[in-house]
Amino acid sequence: MPTYSYVYNGETYSVALEALADGTYRAVIGERAYTLRAIPNENGGLTLAFDDGDRATVYASSVSGTRYTAVNGDPVTFTLPEAVKRSSHKAHAGDLTAPMPGQVRDVLVKAGDSVKKGQTLLLLEAMKMEIRIAAPADGEIQSVRVKTGDVVEMGQMLIGIG
Amino acid sequence: MTARITNILIANRGEIAVRVLRAAHEMGIRATAVYSDADASARHVRLADHAVHLGGAAPADSYLHIARLIDAARASGCDAVHPGYGFLSESEEFAAAVTDAGLIWIGPPPDAIRAMGVKTEARSLMERAGVPLVPGFQSDTATDAEFVAAAERIGYPVMVKAAGGGGGKGIRIVRDPAELPEALAGARREAAHAFGDPRLFLERYIERGRHIEIQVFADSHGNTVHLFERECSAQRRHQKVIEESPSPMLTPETRAQMGAAAVEAARAVGYVNAGTVEFIVTPAGEFYFLEMNTRLQVEHPVTEGVTGLDLVKLQITTAQGHRLPFKQDAICQRGHTIEARLYAENPRLNFMPAPGTLIRFIAPYAPGVRVDSGVVSGDTITLHYDPMIAKIIVSDWTRTDAIRRLDRALCDTVILGTTTNREFLRALINHPAFLAGEVDTTFIDSHLAELIPPEHPDATTLDHALIAAALHERTLAPSSVTNGKAITPDPWARADHFRVGGE
Amino acid sequence: MTARITNILIANRGEIAVRVLRAAHEMGIRATAVYSDADASARHVRLADHAVHLGGAAPADSYLHIARLIDAARASGCDAVHPGYGFLSESEEFAAAVTDAGLIWIGPPPDAIRAMGVKTEARSLMERAGVPLVPGFQSDTATDAEFVAAAERIGYPVMVKAAGGGGGKGIRIVRDPAELPEALAGARREAAHAFGDPRLFLERYIERGRHIEIQVFADSHGNTVHLFERECSAQRRHQKVIEESPSPMLTPETRAQMGAAAVEAARAVGYVNAGTVEFIVTPAGEFYFLEMNTRLQVEHPVTEGVTGLDLVKLQITTAQGHRLPFKQDAICQRGHTIEARLYAENPRLNFMPAPGTLIRFIAPYAPGVRVDSGVVSGDTITLHYDPMIAKIIVSDWTRTDAIRRLDRALCDTVILGTTTNREFLRALINHPAFLAGEVDTTFIDSHLAELIPPEHPDATTLDHALIAAALHERTLAPSSVTNGKAITPDPWARADHFRVGGE
Amino acid sequence: MPTYSYVYNGETYSVALEALADGTYRAVIGERAYTLRAIPNENGGLTLAFDDGDRATVYASSVSGTRYTAVNGDPVTFTLPEAVKRSSHKAHAGDLTAPMPGQVRDVLVKAGDSVKKGQTLLLLEAMKMEIRIAAPADGEIQSVRVKTGDVVEMGQMLIGIG
C-alpha cells in the first residue's frame, strides 16, 4: 500500500492509502484503519464518507514541501519530512529572526556595534503593525542581514548578535 | 438641488471598494477603481468598469495621495468620489479637494469632518448640544489640590489623561485618592515628554464599559435620523472583532435616548450623509459621548441587516441631493445581525499579522449569511494593508439563532495558505459570557487564554487531515500509486475537472 | 408537550433538501439525506451527516417510495421527517405513515392535508368559514336554463368547469350568454369522456386576475398568524417564474383582509405548521380563495426576506411542539423581496427542458442576494427531476431597488454547459409592465415574443466571446502559440492555478 | 499570429490572438483589432481589460468540439469547424429527431406500420414534461431507432418515416 508521511508539530505521521476496486479507499494510520468513499465536493473539496456513516469535508493544497488541509474548515498544515530536514539547520543562539512576515522599516545598528539588553535594533512592519526587534542581552552585533525596505519572511534571519 | 452621479471614483481598496462598486453597479452608475502597485490584479480592480494606477504600494504613494486621486477622477470622467473607510475617508483636506475639483463628495461636509476630528472641539460642541459626556475636569491652571477636589466630585476610579495626547499614551487609571498626586506628577512628566504639553485632564473611568455606537443619517434638507445601535464591545486592544445589533444590554428607553442624543450630535455639526456616534455605556445603562466617526463604518452591514436599508446606496442618493426616502418612524430594528471580522493573523502568536496567499478561500453561502470580501482564492493578503480577509455577517430572528448561524458559517469557511483568527472567533462567540451578552470592552484582553484554540487538533481531525493530504498526494505523484490495483478514478481530479480552464 | 428533534430525515432532493439540511445544522440537529441512483453524488448528499440510498432514478422507486423512506428514517436513527415540497409533501398517506412509525412529521396534520387536498371539500369548508370564493354555481341536477340563469347572476365571463376534473381539462371561458348552451354541451361531452363524470359547474372568470397567496403559520397551541402575501402572477403556463412581496397591487386594507381570511382558512381545518392560502385577485382588489398548499412553498424565501423569519427553523420548532415565538403584531413586512427561478430550459425552443452538466455555475454573491441551489459547478441537471438550477432571491428597500439588484445578480450568474432561462428572466423583470407592477397571470403567455431574447449577441459581445474562446484555446493547444514570442504567462492557467487539486 | 476559428449560428469567425512582450494581448477579428490585458478573475474567469478602458468578464470551457463562453454572464456557444463537419451529415427529410434530451417513455409504432398525419408515434419525457412525437404527414414507418427507456440526446434520430 502506498504510504505517505507528514510532519505535524514536530511529530511524523504515516498514512497508508489504497484505492480499492469497488471505488472506495482504505486508509491505515497507526493502528486505525478506515474505509471510505471520497465524493468530489464543491470548490474542489472532498466529502469523506466513512463506512461507519461518519462524514468530513476536506480540502488540500500544496506549496512545495507544505501541505495545507482543512477538515470541516479547521486548518491542519503538514510539512513533508524532507522539507523539514532542509529547513532544520536551525538559527544560532544569538540570531534574531523575523517573528512575522513584514517589511524592514528601519535598521538601527551595524556590524560591530555594542548593544545593551532591550535596545531596539530593527523595526519590522506589516499591516500597520510595527514590531520592535530588541537585543535579548548585552552584546556585539555580528552581522546585519537585511536593509531598510527589505521584505522578509517569518523566521528569516535578521541580525546576528554575540 | 439634485445632481445625477454617473461615474464614481472609489478612493479605496479591498472589501469596501468592492462594496461601493456593487452599489454603484446596481444603481446603473459606473465604478472607477484606483490601485497601487500591490493591487494591480486585486478584486476591486477586476470588478470595476475602469481602473487607474496610482503609485507604489505604500499608502502615501497611492491611497493617501490626494493629488493623484483627483487626477484619476478627472482623467476617468468621474463626477463623484466615495472614500470608503480608513485612508482619506475622514480627511477634511481630501473632501475639500474633491469639492474644489467640481466633484461630488459622497460623505459629510468638510466642516463637519473637522469639527468632529478635533476631539476637544467635539467635546465642547457636544456639551453645548446637551449630549452626555463622561464626567470630567479640565483646566490649564488647576493645582493638584484642585484636581483632587475635582476627582472627588467626578467619583473614583478616574482616568488622568494628557490634554494634548492621543493613542492611549499617558493615561493612568486611579482608584485610590491617595494615589492621585503621584499619578498626576507621573502623567505630567510623560505628557510633557511625549507631546511637549504637560496639561492634563480628568475623566471618570467607566468600569466594565460597553462600546455602543449609533448609526445616524442626514440628508441636505434638514432630515436627520438614527438607525439604531451597534454594540462593538468585543474588542482586542481597541480593535473591534465582533459587532452586533441590537445590543444585548440596552433597554428600549436607553436605546431611544441614545438615538435622540446621536441625532442631536449630528445636528450640532450640520451633519449630512452617514455617520456614527460612539458612546461608552456603563453597566447601569448610563451613556456618554466618545467621538463621532464622519464616514461609513466597517460594521455598517450590521445596521443594514437589522434595518433592511442599503447604506451605501443611501449615501449616493443623499450626495445627489435627494431627501431621505423615509422618516424616523418608518425605520424599525428587526431580528438580530452579527458581523465577525476574519483576519489573516495568528492568535497563537499574539495575533501577529499573517500575510500570505489564500491558496483557497471558500466563503460560506447560505440563507441569512452575507460575506463582504475583497479577495478570492488565489489572491494575496499583502503586508502593506490591513489583514482583513472578509466580514462574515449573519442575520436571524433572535440573537441565539444568529450566533448559531454565524458559528455554522465560520465552520464552512475554509482558508488554506495562511493563518487566520477563524478558530478564535468561534471560541469567542461560543464563550458563555458572549452567549449571555455580557462582554465588555476589556473582556477579550482579560480572557485571552480561554479564547485561543488549542494548538493540536483532536485525533479524528488529524486522521482526516492525513487522509486528505494523502488523497491530494496521489494527484501530485501518480506514479507512486499505479501499482496495478489503483483503478479508482482520482477524486481530486474529478473534483477539479470542471473548474480548470483547460478541461 | 414538546419533543426534542435530534436527527431529521429529509425526504427530498435538490435545493430544498439543502435548505432544510442547513436549518437543521444551524440548530445542532443531524441531517439524514436520501438519494436515488441519479443523485448518489448530489449536493444534498454531500452536505448531509448521513445518506441513505433509496432506489432507482424514477421517483416511484425513490423519493415517492413511502416504505423505503420510513425504513431509511428508522435505520438512520431519525426522529423526524421533513418532506420539503413536491414529491410526498402533500401526501396524507406519507404523513400518517411517518406518524405511525413514531416519528415527528414536520408539517401539518394528515387531516388538514386531506381536507385541503379534495378541492370540492375545501371549497365547502371555506364557504362555511366565511372565506370568499369565486362566485359560482354547482348542481348535479340543473338544467341548461338553470345554468344560464345562474350565469346571469354570477356575471360574464364565466368559466364552465368539470366537477370531476382537474389540470385545466374541459374548461371553457364564455363571454356571450348566447354561447353558453353550446359550451355546456361541449364541456359535458369532454368531461364525460375525460373523467367519466359529465357534471359541470360554473365559476366567474376573473379577467386580468392576479395570483396572490398568503403565508400562514400555526403552532399546536392554537396560535395562527399570517406572514403577509407573495404575488406570483408572473407565470408561464401556470408555472411560477417570479415571486415577490409585497404585491405591487395590494392596498393595506385588502392585504389585511386577505391575511385575516387566510388565518380563518387555516383555523377552519385545524392547521398546524407552515401553509399557503392562494387567492385570485381582481384588478379592483376583490379576492377569492383558490386553494391551500399544505406544505412549505418553493417561494418561501420571499416571505423570509420581508419578515426576517426563518420558516424552516420555525417549522422544526413548531413540530417539536413549541409555541410561535411571536404574535401577529410583532411581525412586519419590510422592504421588498423578489425571487427568480433559474431553470435549465430553452426559451427559444418553447422552453424545452435542457438537462445537462453545469460545466461552470457561478452564482452571484453580493449584499442582499441569496441563492438557494442544489447544484454547483460540475453537477448535472438530470432529466429525471425538475429543471431548477437555483432560486435567486434579492431583498432591498424598494421594489425598484430590488428589481435592479436582481438584474445585476442575474448578470453575474454564469452557466456554461446548458441553456437556461437567465436572459428570459432579465427580459421579464425589465419589461415596462413588470416594472410598473402590472403583470397578471396571463401576461407572460400573451407577451412571450417580447420576452424571448434575440438569438444573436451584439457584435461587441461576440468579439469578446471569440477572444475568450481563443484565450481558452491556448491552454488546450499550447504548441500552437509557442512561436518564440508568446512569453505572456497564460492567464487561464494562472486563474486556475490555485483551484487545481494538484497545484 | 496564431489564428482560431469558431462557428456560431452557421457562420465561421476567425480570431488571431498574439501574446505581446509587455504582458498584453493583441486580437484581430475581421477588421477590428483589440489590445487587452487578461486579468485572472475569480472562479477561473478572466477580466478582459481593453486599452480603451472597456472591460468584460469572460469564462470559457470546452467539451470536445464545443466551446462554451460567457461574456458578462451572457452565454455564447461555439463549435469548432471540424466538429461542424463531423455532425453535418444531416438527417433525412423523413427522419424524426428528438427535440430535447429525454427518456423514451413509449414507442407506439414499429417498422412497416402505416401512419396518418398527426398520429402519435413516440412519447419522450424529461423533467416531468412529456413531448409527443407525431407523424408530420401520412406515410410508412421505415425504421425505429430507439426503445422504451432509452435516454436520447437532443437531435438524436428517433424514427424514420417515408
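Letters are used for the chains, namely A, B, C and D, taken in the order the chains are written, and counting of residues starts over at 1 for each.
In this section, a contact is a pair of C-beta atoms (placed from the backbone, for glycine too) under 8 Å apart; a residue touches a chain by one contact, two chains touch by 3 or more.
What you see is a predicted model; the values in this text were computed from it and never measured.
Q: With respect to inter-chain C-beta contacts, which pair, A-B or B-D, contains the greater number?
A: The greater number of contacts lies at A-B.
Q: Please flag the chain sitting at the greatest distance from subunit B, going by CA centroids.
A: Centre of mass proxy via C-alpha means gives D as farthest from subunit B.
Q: Would you mind pulling out the distance in Å between where the CA atoms of subunit A average out and where those of subunit B do?
A: Here subunit A and subunit B have centroids separated by 30 Å.
Q: So, what's the distance in Å between the C-alpha centres of subunit C and subunit A?
A: 49
Q: Would you mind listing the residues of subunit B that make contact with two or more other chains?
A: 359-360, 377-378, 472, 476, 492, 494-496, 498-501, 503
Q: For subunit A, write out the residues touching at least two other chains, lowest number first.
A: In subunit A, 39-41, 43-44, 60-63 touch at least two other chains.
Q: Can you list the subunit C residues touching subunit B in their complex?
A: Against subunit B, the touching part of subunit C is residues 19, 22, 25-28, 301, 304, 308-310, 313, 325, 332, 334-335, 357-360, 363, 365-368, 370-372, 377-378, 395-398, 401, 404-405, 408, 472, 475-476, 492-503.
Q: Where on subunit D does subunit B make contact in their complex?
A: 39-44, 47, 49, 53, 55, 57, 60-63
Q: Once bound in the complex, which stretches of subunit B touch subunit D?
A: Residues 41, 43, 45-51, 76, 376-378, 498-501, 503.
Q: Give the list of subunit B residues in touch with subunit A in this complex.
A: 344, 349, 352-356, 359-360, 362, 377, 383-387, 410-417, 419-420, 422-423, 455-457, 461-474, 476, 480-481, 483, 485-488, 491-492, 494-496, 499
Q: Okay, in this complex, where on subunit D does subunit C touch?
A: The contact residues of subunit D facing subunit C are 2, 4, 6, 8-9, 13, 15, 17-21, 23-25, 27, 29, 32, 34, 36, 38-41, 43-46, 48, 56, 58-63, 67-76, 78, 99-103, 125-129, 131, 151.
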